[in-house]
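Structure record follows, encoded as structure tokens.
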Amino acid sequence: MKTELEDVLEKVSRGKMPPRKAFLKLKDYPYQDLGFAKIDHHREVRKGFPEIIFGQGKTEGQIIKIAQEICKRGNSLLITRTGPEVYRKIRSKIPGCRYNTLAQTITLKKKRPAPGMGKIVIMTAGTSDIPVAEEAFVTCEMLGNKAERIYDVGVAGIHRLFGEMEKVRRARLIIAVAGMEGALPSVLAGLVGVPIIAVPTSVGYGASLQGISALLAMLNSCPGGVAVVNIDNGFGAAYLASLINHL
Amino acid sequence: MKTELEDVLEKVSRGKMPPRKAFLKLKDYPYQDLGFAKIDHHREVRKGFPEIIFGQGKTEGQIIKIAQEICKRGNSLLITRTGPEVYRKIRSKIPGCRYNTLAQTITLKKKRPAPGMGKIVIMTAGTSDIPVAEEAFVTCEMLGNKAERIYDVGVAGIHRLFGEMEKVRRARLIIAVAGMEGALPSVLAGLVGVPIIAVPTSVGYGASLQGISALLAMLNSCPGGVAVVNIDNGFGAAYLASLINHL
Amino acid sequence: MKTELEDVLEKVSRGKMPPRKAFLKLKDYPYQDLGFAKIDHHREVRKGFPEIIFGQGKTEGQIIKIAQEICKRGNSLLITRTGPEVYRKIRSKIPGCRYNTLAQTITLKKKRPAPGMGKIVIMTAGTSDIPVAEEAFVTCEMLGNKAERIYDVGVAGIHRLFGEMEKVRRARLIIAVAGMEGALPSVLAGLVGVPIIAVPTSVGYGASLQGISALLAMLNSCPGGVAVVNIDNGFGAAYLASLINHL
Amino acid sequence: MKTELEDVLEKVSRGKMPPRKAFLKLKDYPYQDLGFAKIDHHREVRKGFPEIIFGQGKTEGQIIKIAQEICKRGNSLLITRTGPEVYRKIRSKIPGCRYNTLAQTITLKKKRPAPGMGKIVIMTAGTSDIPVAEEAFVTCEMLGNKAERIYDVGVAGIHRLFGEMEKVRRARLIIAVAGMEGALPSVLAGLVGVPIIAVPTSVGYGASLQGISALLAMLNSCPGGVAVVNIDNGFGAAYLASLINHL
Amino acid sequence: MKTELEDVLEKVSRGKMPPRKAFLKLKDYPYQDLGFAKIDHHREVRKGFPEIIFGQGKTEGQIIKIAQEICKRGNSLLITRTGPEVYRKIRSKIPGCRYNTLAQTITLKKKRPAPGMGKIVIMTAGTSDIPVAEEAFVTCEMLGNKAERIYDVGVAGIHRLFGEMEKVRRARLIIAVAGMEGALPSVLAGLVGVPIIAVPTSVGYGASLQGISALLAMLNSCPGGVAVVNIDNGFGAAYLASLINHL
Amino acid sequence: MKTELEDVLEKVSRGKMPPRKAFLKLKDYPYQDLGFAKIDHHREVRKGFPEIIFGQGKTEGQIIKIAQEICKRGNSLLITRTGPEVYRKIRSKIPGCRYNTLAQTITLKKKRPAPGMGKIVIMTAGTSDIPVAEEAFVTCEMLGNKAERIYDVGVAGIHRLFGEMEKVRRARLIIAVAGMEGALPSVLAGLVGVPIIAVPTSVGYGASLQGISALLAMLNSCPGGVAVVNIDNGFGAAYLASLINHL
Amino acid sequence: MKTELEDVLEKVSRGKMPPRKAFLKLKDYPYQDLGFAKIDHHREVRKGFPEIIFGQGKTEGQIIKIAQEICKRGNSLLITRTGPEVYRKIRSKIPGCRYNTLAQTITLKKKRPAPGMGKIVIMTAGTSDIPVAEEAFVTCEMLGNKAERIYDVGVAGIHRLFGEMEKVRRARLIIAVAGMEGALPSVLAGLVGVPIIAVPTSVGYGASLQGISALLAMLNSCPGGVAVVNIDNGFGAAYLASLINHL
Amino acid sequence: MKTELEDVLEKVSRGKMPPRKAFLKLKDYPYQDLGFAKIDHHREVRKGFPEIIFGQGKTEGQIIKIAQEICKRGNSLLITRTGPEVYRKIRSKIPGCRYNTLAQTITLKKKRPAPGMGKIVIMTAGTSDIPVAEEAFVTCEMLGNKAERIYDVGVAGIHRLFGEMEKVRRARLIIAVAGMEGALPSVLAGLVGVPIIAVPTSVGYGASLQGISALLAMLNSCPGGVAVVNIDNGFGAAYLASLINHL
């Protein structure tokens, strides 16, 4: 596939595009500037998915404005890390959008995303890890993947995990969510041969160091095949999983 | 004792159990799946104690649902790290359960646990360490152990400790709870010959680093015989102590 | 596909296998016990690749003994993190094996591994990151993948990276190796739509904290699609990449 | 230029100043003592800018008292890190002062500061970094510099940055504000030849460690020309930038 | 049992001991002062085991001198963390002592220690963890316990662990030695009902942080029953295990 | 001076005290047991000052109960780290006690403490460090010392410090309180020849790490004569200063 | 000034350059690819200085090869962090180059760099900080700046610093090098009104944490005007200083 | 006492000193500039002790040159942290100087220092802490103090400490040296009423973090009266002790 640069250069060379216009095109094309944010409406072309709004650290006004611009163009909407109060304000402006309380996401499906190849299995070690897993689940679905949940199968009762191995073995890849000692991804990597995306969570106390302990454990996984993302980053795990699942 | 696997295999071999059923048995047997949690009702068989609910990070609804399922089967109930508001909701649904304000536990004794061999002495360095010690105390009792409290005997006034040595010497094992410099377990280990389970607490400020300093001090204890658990983990210390006390 | 457990159970049920033998089979089958190590000769079946020897922390004698057992069974050999002195001893015992000085690997191809789907591009930010990248390169090749190297294209001269974008765009997935500020994977993730496996290296000094800074930067990558492995873990990155490339 | 010490010594030597008075002059001259604070009204002479009030950690009463003493002498006022409630109290006492909600600053221009030489460009990686950038912007302007904002041009969409390169190239120096992986200053330093003052922000979560990750990344910047200040220290970056811009 | 203090007081009271002598007795009784060390020959009485020499950080001369004083009194000798060069010097002076290369211990059995109650099973996750496990093994035996080794059964090949479960189930308590992600003790605690003494090792690299990662993982073990000791502290684990095994 | 032990032994020897009573005396003598606290009323004898109540982490009820027991015996009262709400409850029960809002202390002078030898000068680097300095000031005075305050003389305007050198030179010892870069104690130690007790404060943000940066700076003070206490530990600094001032 | 992109586009548009050639030009132009390194010979055009070789982590062969390519084009040579053994090999191949033992640099002046505007004063707190300062000094000179050294003027004897204030006041900007408590830059920033580039060094022990303490202190400098670079990064400080000095 | 500044000003005022000379006097007076070091020969006047050479990080040539200049003026010599090879070179140039192998100090007494008031007792927790204690001992003696050693009395055998309490009680102040859990100073502070200078040592392994654990424990000492210095800083402890002992 030709790169954009090559394409523009060719047009310029054939006299179909004046150089100044080409320059401006290359410069201004891919985003819309709101001052406080530059929305990448062409991201879908370049990366395969529409722009996603990370809600944390943005004001309500900023989130709503960006969301409206995305929807205006007929793109699907996914807002992560956002509270119910934003939802209460946004739903009158963007009819049809939905809020997921556990995942803390606002979504609206417009375009049907390209379907992923296989099934992504999302597992948690404990009950308290579920919100992070749900963020991953919503993201997986929004990005066109089939996803299945298997929750509360950590090493504290490893036979629970074994009871779910049939489902686990049907996965094309696994998102394994765990706090505390973070052993679930390592145990899974010793059992199965598919890629495992490990998500440490801030679940725990004291020496869990807000998830640092689980993060370190996962980075040191003795069996191979484990990829790690940031603490509580359910979205990031799902985004990566979807990239792999669409290869 | 035969393992479960051997037992099932034998039955299958004798034609007493079809293989598919055996497989399902091994898979589904030991826990009840609530979706958000997989309750291990057979834990009592395998580990000697009923399933215990760690309240922190679970919703009120989840705690109550799990508690009801445990009680339904006639098992004793121990919920740790849970606030009075959960208790106010649960007491109408599980009559007879009790709340301990200091320990932040909800308990209900049904079956009488196997009695421990000796006495577990629970000590604190200061007054502020008492909530952690109380969590340990409640857990010890729920698990069938005799426990005795000796509070506020840290190194700031070491003669207080010496005044309690008679009691200390009657212990089969000791749970030593301390924040700040965390010296109590090391001092005890230099004085007595029984195992000491050291619980660092987050009591302190500044360079106490929320209990990390006490934790490190305990891990570096020069005299031997000190086992360390997570910061503020009164439950974990008591659980371990009870395992040892039932050997 | 049937699981091993189901298979054995079925045989036992049909009287084709006595239960005791089944038990022993399930217990002893998958590894060979050398006392100091339990070699997993069946790993290839379960995980798709033969057992790999992580040389660091093992004695020369242990490495050689394990290598011989692997080769005896006609499996390919890959030893990582091993010095030239081991190679000098091993080459007389395992003829045909080769040493890669940069990657610090000993290899011997026996079986041809299943070929990967696309090309894995291995990039480094600087010249000093090359040894880690080479470990990844050797591993990719041993596991059946086509791999291409693009070295010294870090953000210090970002135009070097742009000069290589044609090659980069041909990648099915990317292994991005960087020390110091560790920005390369984030920059790549903003440019391309394929999964990026980020390998922080211990290259740097002072506040690089032996690779911790690069590791943290990669875990915090703002653009999505970045999976992180342990510091200097070229092998782990390649193993994961190969898993994905064989999906 | 003569130093103050030389000047006083000379006067004393010529009999124009008695030694005791000289001593007291040297001792008491440069500040006004409020007990809880010693205001440096002569700072403008020595450092080129009037005293600035860092609001955080001071009581409302302390801030207002110091502000009044500064204004009494006809000096310009800049209070950083202060909330709207202080503004509500101070505006009746110091008429004409203004509050900037994003930057959390109170300002009042009295004297016109010496103008800076060129333009300071203030850039952010994301939308959430804007408050820190605004503190820098207000400070730059108060200290006599022309400043231009370019926001939300982090590596997640690096083409947004390239679209702004014309503006970037007009900068005499750059303040680059970024949280998470903190790659923006490094990328800029690879592209342009002006000094870059890097401001890590506490934007992020988990392994961002409240800005420590971005800070470390910036300190390890592979391309040269990057100066780092404390996390979220927009004021410090602008103060330093202004010093350089007035050389 | 009477305390020493009571005993001396009684004698003094009956006129059988003059007060000054009593004072000196209480002061000087329990150790021999070499200036650089105070040897506790009565430790055996008080703690049940003879004094043990921690070799690290002591000069050869100090180690030999202390060892000679211990042997002179007919006590058994255990020196840990000591190199072969000390052994070469000491064996002529203390005939019959033996050196264990893996464990780095010098031992000489004189008195037969009180036998422990059950079997202590010592397990390692990998081959590189063996030296720490061997230090534990030697210590267990010197202190009168039966010990059994099960090495290289970490989560990288969890079926290896299951293959050893029969042996594991015969343990009265377990010492679980693991570096890297340190998951072995947690997995064991989910499977068995005996106390587990977890020993993190410095095996690993990069984010293993010289054993800190494994240590943190073990402290955060979700299943209960895990006691943690310092990194690489095989001796400490065995000492504690022996205390428990002699209860 | 005779030790308590010698004294009791002598009495027992002369038949003036039965041994059992002596034992109990030695055991029970020095404190009063409230269950949750063991008050050391004899601390004044042993350490020269009455028992002091560290309010943080104690319940209101515990603080009031301990305070009453101390006052009942005619001892002076010093409660640190306690809020105004405790004061509002305690003042009706302990008439005459006073609350210091800045220092967060409750005090009541009963006995006149032994006077210190010289003057303790308490200095702060900034205005925000004053609460910690005030805790030190109140403690110094309660323990019988003359103390003088010099506030806001940090290195940001080092001439302010020089303006106060006359006062500084009259100090017998100095308590230097500083957050942020924590340079004040080092600068002072380069200027004067008296002991300096350095108190790091949690004043600052970002890389100040809640006072850790100031703490580390003080521990690394290049000029000698600097003793360091915990972060924000104004009480501890004053207690130590008073010990030295009473030598 | 026109950007390269504009220039090439214009040529293409006028038919003076075929698009494919333009593409390749943009891709290949700015560096020479040695495989293990991509040398940026045009850096001088873009950044104002020739490419500089960071020796650490490169093999002797790599350093020599890159140096030869740089010299071949008539550019000046600066190699930092390189030992005498490289110099011994390189001097026969690149005649006229010189080694600085303290600074650990190899240099060869070819082109005369553009002269800086004012004087850069390089100061150290202690004698042990000199090697880092010398690296800065050599770099300053190679980049066309006048530099002056003032060594051993840390806060341990602050009068030494005052004795040098005349020289200090002549500086256009200051590089302040300090380990241990790292107070020198903060003290200087309180005294003078020029930008200060602070270089923490790894000089110190224990709680200096290999320079982290000094780094943190500098980042928290209370007086403004302090820019911080990585630990021991004399080169980086000088590079930044030179950029500023050439504005 | 008049300050130097006042004195010079007075002379200038009376025409006894020309102002330029006064300026130079104030500037150049107090140190001798060797280029790489500025020796403070007047430190004895200002601080009560001669300049001391911290050997670590200085070259042999630098140490010898500084030592010669100090001795030339008839001052006593104390070099800390220096190896035997420096001693072998220096003893021919400075006859009579002595090397202490344990303390790693070179000393030569010339002037008799002012005697301290009482006895400084130097204690260690273990045998491995002795080198740090010896550095303190040598320094104490060089600075005119009587010092007594009590070694190997840590909490591992707390009765050893009690056996030495008579000596301990004769101390005017105590230097307590301990690694590992660092409990000795806290235990002492609970027993005696004199100031305790706590020196953490890097003795230990694993979670001792090269002395950080002991350092943290000491900073968090629950009983008051404990001052902390840097890890392994025997000199600093003694210097501070001497300052206090000369009050």
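Order as written gives the chain letters A, B, C, D, E, F, G and H; numbering starts at 1 within each chain.
Here is the rule we go by: a residue touches a chain if its C-beta (ideal position, glycine included) is under 8 Å from a C-beta of that chain, and two chains touch if they have at least 3 such contacts.
Here the structure is a predicted model, which means the values were calculated and not measured.
Farthest chain from subunit A, judged by C-alpha centroids: H. For the pair subunit A and subunit B, the distance between mean C-alpha positions equals 37 Å. Distance from the subunit B centre to the subunit C centre is 41 Å, each centre being the mean of its Cα atoms. The residues of subunit G that reach two or more other chains are 26, 126, 157, 165-166, 206-208, 212, 215, 219-220, 230, listed in rising order. In this structure, the chains touch in the following pairs: A-B, A-C, A-D, A-E, A-G, B-C, B-E, B-F, B-H, C-D, C-E, C-G, D-F, D-G, D-H, E-F, E-H, F-G, F-H, G-H. Taken in their complex, subunit A has these residues touching subunit B: 126-128, 130, 151-153, 157, 159-160, 162-163, 165-166, 203, 205-208. For subunit B in complex with subunit H, the residues that touch the partner chain are 125-126, 154-158, 180-183, 186-187, 189-191, 204, 206-209, 212-214, 216-223. Interface residues of subunit C facing subunit B in the complex, by the touch rule stated above, are 5-6, 9-10, 12-13, 15, 18-19, 22-23, 26.
The part of subunit D that touches subunit F in the complex is made up of residues 26-28, 30-31, 35-38, 40, 43, 56-58, 62, 200, 202, 210-212, 215, 230-233. On the subunit G side of its complex with subunit D, the touching residues are 1, 3, 46-48, 117-118, 165-166, 169, 172-173, 193-195, 197, 215, 219-220, 224-230, 235-236, 239-240, 243-244, 247.
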